[in-house]
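Going in written order, the chains are labelled A, B, C, D, E and F, and every chain counts its residues from 1.
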Amino acid sequence: MPGPTFLEGDRITLRTVEEEDLDFLQRDVNDPDVWRSLGAVSPVNAEQEREWFEERSEGDGISLLICDDEEPVGSIGLSGINETWGHAEVGYWVTPDAWGEGYATAATELLVGYAFDQRRLNKLVANAFDFNAGSRRVLEKAGFAEEGVRREEAFIDGEFVDIHRYGLLAREWRADD
Amino acid sequence: MPGPTFLEGDRITLRTVEEEDLDFLQRDVNDPDVWRSLGAVSPVNAEQEREWFEERSEGDGISLLICDDEEPVGSIGLSGINETWGHAEVGYWVTPDAWGEGYATAATELLVGYAFDQRRLNKLVANAFDFNAGSRRVLEKAGFAEEGVRREEAFIDGEFVDIHRYGLLAREWRADD
Amino acid sequence: MPGPTFLEGDRITLRTVEEEDLDFLQRDVNDPDVWRSLGAVSPVNAEQEREWFEERSEGDGISLLICDDEEPVGSIGLSGINETWGHAEVGYWVTPDAWGEGYATAATELLVGYAFDQRRLNKLVANAFDFNAGSRRVLEKAGFAEEGVRREEAFIDGEFVDIHRYGLLAREWRADD
Amino acid sequence: MPGPTFLEGDRITLRTVEEEDLDFLQRDVNDPDVWRSLGAVSPVNAEQEREWFEERSEGDGISLLICDDEEPVGSIGLSGINETWGHAEVGYWVTPDAWGEGYATAATELLVGYAFDQRRLNKLVANAFDFNAGSRRVLEKAGFAEEGVRREEAFIDGEFVDIHRYGLLAREWRADD
Amino acid sequence: MPGPTFLEGDRITLRTVEEEDLDFLQRDVNDPDVWRSLGAVSPVNAEQEREWFEERSEGDGISLLICDDEEPVGSIGLSGINETWGHAEVGYWVTPDAWGEGYATAATELLVGYAFDQRRLNKLVANAFDFNAGSRRVLEKAGFAEEGVRREEAFIDGEFVDIHRYGLLAREWRADD
Amino acid sequence: MPGPTFLEGDRITLRTVEEEDLDFLQRDVNDPDVWRSLGAVSPVNAEQEREWFEERSEGDGISLLICDDEEPVGSIGLSGINETWGHAEVGYWVTPDAWGEGYATAATELLVGYAFDQRRLNKLVANAFDFNAGSRRVLEKAGFAEEGVRREEAFIDGEFVDIHRYGLLAREWRADD
């Protein structure tokens, strides 16, 4: 059973990441479909996953589990939080079995509201590989605008890959609400 | 089952916080209604709750569990204890299911008496968000006087929020008793 | 000779605090007129002053030396920086020989502009003892509004002393500029 | 049960190395047929195997378990990764009971594709003892070319032994694909 | 006298950063014209500059002093080196007295050649504030193409400021040579 | 003045590396002609040179200064010493002003004799870039045989570069003596 609910949406809850969730997380970050979409090139064993967890608990980023009822279906978080200038990066992944259900969009919208309404951030940014049409659609549905293309900045499946850079300003999000 | 009773009132007891209480505490500090009322903006997983517990056990603040019989219904404590000048800050929260039962008032009165009668403090202070009418009523019932408004000092639910600052002097409390 | 200039005003410069400045700083924080005005109740020997310096270098507050030409005349800084909500506390002192020259006002105005224009803060707060008419005048000249009186919260010269609490919002400061 | 699948081939999977696999690994690296083929001259007790595991988890090499279904049959990895120049060394062993089944070839081909397509390496190298015809065949089947003979560089079974040095360039591998 | 020459150009040399250069570096990173152009919001005293130096010596970034003869006129380096994907960020500043002499362009061209020819990088990126026309001209002269505008991502002089994001691919640079 | 003589030849001495030699060593390892010939891609400041020196003093490799009289002209050493199998790698460089004087050959012959006669090694190996005809001549004069070409294994001046691998067996050296 996952940890307590920190943010609650219509279809999903975002819950704290607990030690009991490490099996789920480790299985997924080693899934070739997931690590390709994250640009995370190395295998992660249980010990390394636990180290990530310990460091994450001490760092200033935010990690939450995306859950449908009490079933974990993915993970979302904020990293690179720059509080002086007021921006942070949103990152997420959904377990392959649950793709196409709208979980990433629901989670992103919930986290965006939290970031702007509770953390006084001015801007959220996100990155998506050129081949990841799904992730780009999620960001666009959540109101992000493309701000540029980081040309050939990743190397995946034998090719240099463009990274699309997205941004959403607090004032755009409030106007849109 | 919670720890032994440290302070005993008519309706409630204030008991030591034990490792067994961390589940209860963690669930509540992640409850959106609770963390908004505390201005505690980040999710807290079990490991981080335990770290808080370890540090709290070593620090010089006071944390107690508010219990009805042996049922925990919230938490209260003293922080920022300045023994040279003789003041400290009172803080508390009650689990949402138990709101409106007078637990916070009962606990505050008990802790105030302890602070003045046992710790030789000259003054207690407390803070409440403008939207938290419940918390302000608790403080006023316990004899606190409003000493000023810290204008737009918090940022909650997308707006800058005023914080009401309260104070209660030992001599006021004794006169009132 | 003090460190390089970080902020430059008409009459003064605010410079980095260097190891060579510790003698000046230590002499002044032990001056009864200074420590009374700061509420800093304990003597500080050279070793303790150095420890303060080491910790200050690692912390996230800001400390600057107020200089007239290259002559140090006091110190000013930001502490308790809360970047999530966007507020910080301004504190300063001027060496008794240089009182009445307007150094504190000039330094406060320079630091306020920096805090709002370069650090995205929403509010600055400050505290002044009831008997410290000079400090209260400095804050009022710099545009701060009194937000309340923390009654009898300090104990100085045998009496409980009120602390006046001041605040200045970024939007007030910009309107005023 | 071994860890999650990181790379998936037709006949085998390459999985993360978990604490539960240490028994299997320790038994095999102490097997005279295995340690001779690796040039690993010292016995490894369970404690030493665990130390290897801890260090491996922190280092920048890659270790994976070769599995048939969920049965571990060997180990493969990359070491000496030089990312500036873009080369790394492939090493592997298969448990003696499973020799002759083509596991090493299947694992090497899978890891080679990963190294070139996901890690932007320019070259892979490998070493095989002169007496290890099996290992040399595996490398040749996987497309490696012999680049020289390190004469009498090892000492095994009472004799100085030549080491054959192999290399495979990314462009050769792509042309061959 | 600065350290030995690591890279040599027609007009300038890039030399190792030595302890003797810390005075020069500290004075400049506290210069309001420099720290605004770097987005480096906090004062840096000699002790903090030394800490930066110690950490820099241990990290994997590259820092070099830009020198005209043996006179230091600025600093340039690579940070955020991602060797797996082959990209890094170029950053530089020139002491205000030496602006307009072409030092930044000469240093950038020298470092770009080193990054592509000696470190096997595939791409260099750089960022320049919208108001920093000088820095944008330097990047364009060195062959960088603008890849997007990170809208309102910095906060400087009281306003949210756009950051222009530039990129230069190894193959573009070689074609151009 | 360099340290005491450890090995003495006709024209040169090999002396211990002392702290006083670090200036000489640092200047040379930052010389573009030297670091290219060593494949040492990063600048080394005095602090990092000292760290290398401290670590070297604790490690099990051998570093000696090549001196003509008491004038240092280069450095030579053994690294990667494998005592079980009896091999090690020879590496050296000579300061550019002293190239063509035969210092490297004299030093290599002296060190080779020491390695075989005093350390019971069975084999010495060495590597030279394809473009480094001078270094290859030194190795051949000292009796090393080419054992293979590590194709395109380095990346220098914008190209993948072959590395020639040399070996010299104790019995060859003794026969030759």
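Heads up, the rule we're going with is that a residue touches a chain if its C-beta (ideal position, glycine included) is under 8 Å from a C-beta of that chain, and two chains touch if they have at least 3 such contacts.
Molecules present, by chain and UniProt name: A, B, C, D, E, F = N-acetyltransferase GCN5.
In this text the structure is predicted, and so the values were computed from the model without any measurement.
Shared contact partners of chain B (N-acetyltransferase GCN5) and chain D (N-acetyltransferase GCN5), listed by label: A.
Checking B-C, D-E or A-D against E-F, more than half of the residue-numbered contact pairs recur only at A-D. Compared with chain C (N-acetyltransferase GCN5), the chain whose C-alpha mean position is the greatest distance off is D.
Between the Cα centres of chain C (N-acetyltransferase GCN5) and chain F (N-acetyltransferase GCN5) there is a gap of 60 Å. Inter-chain spacing, taken between the CA centroids of chain A (N-acetyltransferase GCN5) and chain F (N-acetyltransferase GCN5), is 50 Å.
Averaged C-alpha coordinates put the centre of chain A (N-acetyltransferase GCN5) at 34 Å from the centre of chain B (N-acetyltransferase GCN5). The distance from the centre of chain A (N-acetyltransferase GCN5) to the centre of chain C (N-acetyltransferase GCN5), with each centre set as the mean of the Cα atoms, comes to 41 Å. In chain A (N-acetyltransferase GCN5), the residues that reach two or more other chains under the touch definition are 41, 84-86, 119-120, 122, 155. In summary, the structure contains touching chain pairs A-B, A-C, A-D, A-E, B-C, C-E, D-E, D-F, E-F.
On the chain A (N-acetyltransferase GCN5) side of its complex with chain E (N-acetyltransferase GCN5), the touching residues are 39, 41, 84-87, 122-123, 125, 147-155, 160, 165, 167, 169. Note for the complex: chain E (N-acetyltransferase GCN5) touches chain C (N-acetyltransferase GCN5) at residues 26-27, 30-32, 35-36, 41-48, 51, 155-158. Chain C (N-acetyltransferase GCN5) contributes residues 3-8, 16-19, 53-54, 57, 62, 64, 116-120, 174 to its touches with chain E (N-acetyltransferase GCN5) in the complex. Of all residues in chain A (N-acetyltransferase GCN5), those touching chain C (N-acetyltransferase GCN5) in their complex are 83-86, 119-120, 122.
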